[in-house]
Amino acid sequence: MEPLNVFEYELLAKERMNPVYWDFYAGGSDDEVTLRANQADFARIRLRPRMLVDVTQCDTSTSVLGQPVPMPILIAPTSMHCLAHPEGECATAQAAGAARTLMIASTDATRPLEEIAQAASSPLWFQLYIYGSLEIAGGLVRRAEAAGYQALVLTVDLPVMGNRERSKRHAVPMPPPPLVEANFVGIAQEDLGQFPVTWNIIDWLHVESGLPILVKGILTAEDALLALEHGVSGIIVSNHGGRQYRSTVRDCRCCGRAL
Amino acid sequence: MEPLNVFEYELLAKERMNPVYWDFYAGGSDDEVTLRANQADFARIRLRPRMLVDVTQCDTSTSVLGQPVPMPILIAPTSMHCLAHPEGECATAQAAGAARTLMIASTDATRPLEEIAQAASSPLWFQLYIYGSLEIAGGLVRRAEAAGYQALVLTVDLPVMGNRERSKRHAVPMPPPPLVEANFVGIAQEDLGQFPVTWNIIDWLHVESGLPILVKGILTAEDALLALEHGVSGIIVSNHGGRQYRSTVRDCRCCGRAL
Amino acid sequence: MEPLNVFEYELLAKERMNPVYWDFYAGGSDDEVTLRANQADFARIRLRPRMLVDVTQCDTSTSVLGQPVPMPILIAPTSMHCLAHPEGECATAQAAGAARTLMIASTDATRPLEEIAQAASSPLWFQLYIYGSLEIAGGLVRRAEAAGYQALVLTVDLPVMGNRERSKRHAVPMPPPPLVEANFVGIAQEDLGQFPVTWNIIDWLHVESGLPILVKGILTAEDALLALEHGVSGIIVSNHGGRQYRSTVRDCRCCGRAL
Amino acid sequence: MEPLNVFEYELLAKERMNPVYWDFYAGGSDDEVTLRANQADFARIRLRPRMLVDVTQCDTSTSVLGQPVPMPILIAPTSMHCLAHPEGECATAQAAGAARTLMIASTDATRPLEEIAQAASSPLWFQLYIYGSLEIAGGLVRRAEAAGYQALVLTVDLPVMGNRERSKRHAVPMPPPPLVEANFVGIAQEDLGQFPVTWNIIDWLHVESGLPILVKGILTAEDALLALEHGVSGIIVSNHGGRQYRSTVRDCRCCGRAL
């Protein structure tokens, strides 16, 4: 059956994937109350459509940070695409190119950022987690610049990993061998511990790189204002798909307040 | 079992109809969240009944555009009644006559507007979709006038067909042969493409016909005011039964704001 | 199993009763949306209990129209108790006496009002429907006075019978023979048609009887004020248990507004 | 299966416990609408997490009445732990010690307060019910002081036992023999009737003991203010887990109003 909407794609994926990997993608943190709330909150949004407007030449194109995109839909950074397909993030980059939209590649990719860049035919941004040390993070930033990534997206809502109970139940290392954290080949896992990401990391990042910086994971107006004071080029409002904090405000509702 | 309410008529219809045609009638657009919301919203309405009033001589009659009707319930325009009954819209017109109420016949009828008029014994309005060209639409308007239709109802919320997934799944042409779009016999399907319906179409319609013009599908106060500025005689607030836009405001709730 | 709460009594009754009679008691009007809403609305009420108060000598007694009752719970008028038990309303009157509370006997009783009065050991009020003529109603009022009823409760929300679909489905006459409308023995059914009950009926009732008059079925503040202007001694806010009008305001919510 | 969250511990407990004892712990009062509402109300709470804060040195420690605790989670007083485990409240006290948090031991314990104190390695408070007489209660207070308990928690929302229908259905005495109300060994059950607990009991308690006094079960701002006027050191807002009053305000919502 040909899928007609994203829910049907989701069903197909569930049928075809290793159930442990599926749970990694589909699960949320804690008792998943926030994961479910996200979906319910979207269903409650009501639009006020205007009529009698000529839509024969509809143009959904826009630009993000000066980058033209044919629609206001980007590919959010998600980790470990090789769990779902052998080509992993390289396949996603090809799909982004086919849709001519922008992809944000994850630090936690299972293909190196340089290979993703080679597979891409539309622009890329690099999502940054800081593991181990600023030196390691700085290395990633320089590699991303060299590979042509056009912006840095610092994820700010993962000071520690969310309490993902499905993953704890399965107790399978992520990524599972032979897959690897492809951006960290040659660095020992014990050198990649959680690094404290605070507001002054943004200042450090401005010094480290001339690329525009966005922050992902802001949920309050207070933090949005602080982000602007720290010179960010953009804010991605998100509750990490219900995978990090339990019982947060709803990401589709707090936008208005934050911005 | 004799049906006691509209829900029981609906069940009977579902039992008797071709399931593909049933889905055409019963389905909504996208994931049908708006279809379901319409029904839930109606259930939430609360009335404040007044007591100790003499109701032995209840009179529900009223008038619409000067046309007396025995109750404030008209027959909304719906398409392709031959899917449900061989007599199609002619049977509906006979039923309207038996109830002495007004029927709005659809451009997308499976019986020609003239035959519907012959079958009718109560007044008719003509619902207008503009397909192909203003010349074709103007022809329909003149035929409706000649056949005695007393008003024109321009549907404004279908610039493109809603994303009706049940119909996409079935992939059956509508109307299915041997049924035809009875008002367009002799015109090739490829000459009946979507025509951009904008506010100036109302101005054109005023020139084309002296009949009163209503617009159907307005959902915002802003559009209601614009409609009045364009000289409409009436506004039918509707979200097309949840068959067009996803996640619109609720039609039974936005009336107050729009009017 | 000994019932512990009213819901368990309800289950027992359902098990033991003729299903047609059960539906007469349990059903609501139309699609029963108001019946269900009544129950949900009660569950939503939240109380604010005060603590550290001496409750060893709790006294729930109060008075209604000067009549002492041991608790603020009376027996509402309901019809045709012989459907549930051979002793019918006489048994209910005995139960009221055992609980020392007040019973409102219905015009639609299946035992005559005089027999109910003989069975009673606590005070009675008489609920009045006006069928056929004021002469017939006046006769009931005089009989109620003679039998010692202490107030009249005029039901105002039944100008016509609610659309009770369960009863229509069963199509069993109510009361079913050999049961009879015990207060109308000797009067032909065709002489007992619906009589228009309007505000001036209250004035007529004041002339007809010196008993205090209450109105039952008021749902708006406007009607409550009118009732006071017509000299009523009490107002019973009720939506007739969801058996009359569809989609009314909630009886447990409109009290505050009406009073 | 290793439990990952409190709901999974609950499932394990249900599997292992005598069903009658399980119902004693899990049940609420009346139709348990308040029990269910408590859980639903907690799920509705939304937090507004702040980002980019250094959490490597998180410190959840705080203090209650000057007593340091490593997290703002104490062990609420609950009765009859021997229903769940032979060691009863002594085991709970050991667990509290392992977590270095404070336990509030119940008057209704199945192990004497002195034994609980011996098992404890972190501080204890004593929850007080007043049964029989102030003399008996005073005896408990003096024993608690002597055993090293550091505060008294007077429960104020149990003037009578809640209407717990599961327990009524089972009709098993609590505690079931051979378990005993361990704090009342040697006192006949008939000498332990409900004693009226009113505001002046707090005054009496101040005279009886120099320990700080808290009240547990306050649900309104009015009562919170009265409690402060009576010199309490703390207020525990609670609706007794939905086990006492039906349809109370929600404990997690009324805090703001009360304080």
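Descriptive notes on the structure:
Going by the order they are written in, the chains are A, B, C and D; count residues from 1 in each one.
Definition applied: a residue touches a chain if its C-beta (ideal position, glycine included) is under 8 Å from a C-beta of that chain, and two chains touch if they have at least 3 such contacts.
As the structure is a prediction and not an experimental result, all values here were calculated from the model.
Taking the mean of C-alpha positions as each chain's centre, the chain lying farthest from the centre of subunit C is A.
Centre-to-centre spacing of subunit B and subunit C amounts to 45 Å, using the average Cα coordinate of each chain. Separating the CA-averaged centres of subunit B and subunit D is a span of 63 Å. Shared contact sites, meaning residues of subunit A that touch two or more other chains, are absent.
The touch graph of these protein chains is a ring, one cycle where each chain has exactly two neighbours. Interface residues of subunit B facing subunit C in the complex, by the touch rule stated above, are 4-5, 7, 43, 45-56.
Listed in rising order, the residues of subunit C touching subunit B in the complex are 30-31, 33, 156-157, 159-160, 165, 168-169, 194, 196-199, 201-202, 215, 217-220, 222-223, 226, 245-250, 254.
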